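Chain naming follows the written order as A, B, C, D and E, and within any one chain the residues start at number 1.
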Amino acid sequence: MKRVQILLGLAAVGIATGGWLGLNAPPDALQGEYSRIINVHVPSSWLAFLAFGVTAFGSIAWLIRRKPKWDRLAASSAEIGVLFTGIALVTGMIWGHAVWGRAWDWGDPRLASTAVMFFVYLGYLALRATIDDPTVRARRSALLGAIAVVQVPLVYFSVNLWRSLHQTQSIRPDGSTMPDEMLRAMLINVIAFTILYVALLYARMGVAKAESEADQRGASAERVKPPLVDEVRDV
Amino acid sequence: MTPLVELVGAGVSLGGRVILDSVDFSLGPGQVAGVSGPNGSGKTTLLRAIASLTRIDAGDGMLLGADLRSDEVYPVRASVAFIGHIPALIGTLSLAENLRHVVRLRGGDEARIRRVLDVVGLGEAVSVRADSSSFGTQRRLEVARTLLTDPRLLLLDEAFSGLDSAAQSLVDALIERTVGNGGGVVMVSHDPGHLRDRTDIQYRIEDGRVVETA
Amino acid sequence: MTPLVELVGAGVSLGGRVILDSVDFSLGPGQVAGVSGPNGSGKTTLLRAIASLTRIDAGDGMLLGADLRSDEVYPVRASVAFIGHIPALIGTLSLAENLRHVVRLRGGDEARIRRVLDVVGLGEAVSVRADSSSFGTQRRLEVARTLLTDPRLLLLDEAFSGLDSAAQSLVDALIERTVGNGGGVVMVSHDPGHLRDRTDIQYRIEDGRVVETA
Amino acid sequence: MTLWRQALEIARVDLRVERHVGEILRVIIPFGIISLIVFPLAMGAQASSVARFGPAIFWALAVLFGMQVALRQSASDSQTRRDLYALLGVDPAARFAGRVLSGTFLMVVFMLALLGSMILLYGPSLSGQETFAALVASGLVSIGLTELGTLAGEVTSGLRNRTALASLIIAPLAVPLVVGASQTVEAVTQGTGILPWVMLLAAVDLALAVAGVGLARPLDEATR
Amino acid sequence: MTLWRQALEIARVDLRVERHVGEILRVIIPFGIISLIVFPLAMGAQASSVARFGPAIFWALAVLFGMQVALRQSASDSQTRRDLYALLGVDPAARFAGRVLSGTFLMVVFMLALLGSMILLYGPSLSGQETFAALVASGLVSIGLTELGTLAGEVTSGLRNRTALASLIIAPLAVPLVVGASQTVEAVTQGTGILPWVMLLAAVDLALAVAGVGLARPLDEATR
């Protein structure tokens, strides 16, 4: 059986258990059923960071080694990262809608900086989509990937510094007041999601490889041929 | 038999300078006119004036029956083809897309595009971006464009430059075809050889004046 | 006597396509090499690779003692002059301003600018904007730029096109001077005549491969 | 008829519809949203009161994007390209119309993304009617601003330094547009009729369209 | 030394070119001012409170429009031009520095125009100190934005719809600048120290400068 399938299987099992536990754990006193969203929200938030970290790693590795696989790693991880950041944003907004009564709260820096991070990597992907030449694409996105990773903490820092001057009406000190069962479920989900991420990463990289080979074949067909002068009259 | 192009004492000034000074020029159907002269003498400006791309501000001019100094030129412009010093393509579009754009704007049969591309030898390079294809390839694409629009007046400003020998005969075929259909050709070249055996009449320009007609 | 340029099995790919494939090329001091081949065969790419403007991604290459695949090229680039298909000028600057920009960037004596402009016959057109001067004028300005930088390696990509006969002999003088100073010249042309009586060695390229060396 | 066919074709190529529209959307929508995020961050302590500014910020950003259209335009329209079009029998009016079409398309996309995100992020208290009014207004403003942008582009690229003033004259015309737009929404809030405002916007759009088409030839001539 | 001489020369020529083309001063500034005007108008009822938010709005708009200034600059860098510079022995780092110099100059002009109009239009109660802080911040923001614009311009050079793409890439990176700038002024108002914010801005500028110079060569390679 292929590595990807094994990983996917593991992830499925993990998420099933995590989900089951999460659904049966006693709901949070304050938030009721909505607190269960944490089982998706927190794992995806964590994966966002992991994925973008890997993108940075791939980018730098490419700059040093210049091997296509590092470019594929960076790109694939960025795509998955954007996906999970999106999930974190959406689940977060749903959750917020439920517990704060509004989807977005400018009082929590984490929100703004997450959103910004989300767009940094959307930009990264948009750049890739615009470049046809594989080498140029690899070079430029590797540089952007490297710049981005310096910039994510910078945004976090600045936005937090920004908030710190103003009275924060914080969501929660931390998850500690969560019921233990809920916390356990969440941790299992975090692990399961991480396995899922690795599986998706492998899969996506495989596809990317196939794509680039297809491009190669397509491109190499193109050449300029001698003209058919005699036919000029009748076209 | 009315001439395709007729300039009488035509003058052009650009940037406050007189570039063309009382030029007389005439081209009849089926004729090929050659234009030669030193750099900066006004050859390109003459072609642009004939094509109504640069307005004449002295004398009179007719292009395919339209007064060059009036709005009559708008409708006739579409029957003029111009191959200039630098290929006029949209760099971010592929070769095929460039031609499709032309056909759709001008009206015509998109099916011909493939044929024409084969004729100019670009049948297998259609999906290359124009600005990442070689200079000569871009030149060939301009020839292809002209083949698609088959014009009544063909203006060639050193159209042979950048083309390999095979592609150069392509331009010759283009000239023949235009002339064959009763159109006219004006070609600029620095190579006396090029002009000698192709032209019916030759104009020599030196700083903005026609100094010799043969 | 080390060669000025040496390519061994050099390859270049662009847009995911192999453009140059295991090319061997060598140019010694005082030599003039000619390059010919059909449109799109890779001549310009070869010149760009030699000038380190396009990186070779296979084989090895040396340019004026610098490894083409390393950062050693940065210092030597300034001794290379390239006249390409399309004039490389800043259109919104005047002819004189363009040259001054060059001199100031590269270091050198601004006083020479006037002299050089006279030599290329642009002494009176100095204040015309580059993009509103004629194509041949722009070509001449490139010759002027090369005269100012007097390079050790001169790369000419159809440098004669667009120039009138007088200006063409200017390019010949440029070639002689470069060779005279122990430099080297690589010239691309579609005109066998141009190459025959100017070059010591000729390369013919087809489809990115050197198919013939004479 | 031809003029329209040409305008549509130019718009198509402007957007390179078949391959790159997706790409454009992927880029423009996020940009709009980020611009929204910038404002509260700039407001510091009062960030929480951003809800009240939602609409104002929305319209200000509309102007920003209108200007981008102007610059996009002047960038893509080189003299060579103009000449090419001229000899393909493209009427300058068709070129203007085409640019406005593609520009408006981008602009509308931008505005919709902006409106949606604005409501989510700032949570302003917009009634259904107000939202509707905002949508109508956005549409009309998009057209108007794009027409302005395109004209401004034509003027700066075409006449170059000959008339530095021209674009300074054109740009302020954006004011009535955006005022009209914001007032349309205000009117709903205040319960007064929105018709006069909608009419104003429509009138400006029309006037600009007429101006654009009418000036197309003279502007084109001015570059020759 | 050479690197500086080259940078200065490139900046000089950039400004010269801008004087010929003049898009930045002729299009971006007017549009920037318009969106300032639009703001209170669009706020309708709360228009009165515009004075309080003047600075915030200023910063947001300054950054958003400033991005465009930064981009227009780097747009002028065609491949032909890069090649020309390369064979003149211009180090990519010098090109970066030169662009940043000229860009910063234009940006400062833009910022001053906007700041002036903001004070005129909104009449915010800015103390001398606050105005000073604003000026300092503007300076630092101008540098940072230009560095960003130049970097983004390099990364996107020669690509389709590069302006939109570059805008998207810059916008998030500009967040620290907005925050820093607005907070610098706010800090004065609140009597808390402005140092941390000035430091933040300076840090960002420095980081970008290092990145720009350090990545100049790889970035240049990336376009070959």
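Basically, a residue touches a chain if its C-beta (ideal position, glycine included) is under 8 Å from a C-beta of that chain, and two chains touch if they have at least 3 such contacts.
Keep in mind that what you see is a predicted model, and the values were worked out from it rather than measured.
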Given chain C and chain D, the chains that contact each of them: A, B, E
Inter-copy rotation, chain D to chain E, in degrees (Cα atoms; steps of 5): 175
Chain pair whose interface holds the most contacting C-beta pairs: D-E
Farthest chain (mean CA position) relative to chain A: B
Intercentroid distance (Cα basis), chain E paired with chain B, Å: 45
CA centroid of chain A to CA centroid of chain B, Å: 54
Interchain centroid distance [CA atoms averaged], chain A/chain C, Å: 47
Inter-chain centre distance, chain A versus chain D - centres from mean C-alpha coordinates, in Å: 33
In chain B, residues with contacts to at least two other chains: 86, 92, 121, 125, 128-129, 134, 136-137, 140, 166-167
Junction residues of chain D, two or more chains touched: 16, 23, 27, 30, 34, 37, 41, 44-45
Touching two or more other chains - residues of chain A: 116, 119, 122-123, 126, 130, 132, 159, 162, 165, 222-224, 226
Chains touching one another, given as label pairs in label order: A-B, A-C, A-D, A-E, B-C, B-D, C-E, D-E
Of chain B, residues touching chain C in the complex: 14-15, 37-40, 44, 85-86, 121, 125, 128-129, 132-137, 139-140, 158, 161-168, 190
Chain B partner contacts - residues on chain A that touch it in the complex: 132, 221-233, 235
Residues of chain E touching chain C in the complex: 2, 5-6, 9-10, 13, 16-17, 20-21, 80-81, 83-91, 217, 221, 224
Residue numbers on chain E that touch chain A, as the complex places them: 151, 155-156, 159-162, 165, 168-169, 171-173, 175-176, 179-180, 183, 186-187, 190, 192, 196, 200, 204, 207, 211, 215, 218-219, 221-223
Of chain B, residues touching chain D in the complex: 51-55, 71, 74-75, 77-78, 80-82, 84, 86, 88, 90, 92-93, 97, 101-102, 104-107, 149
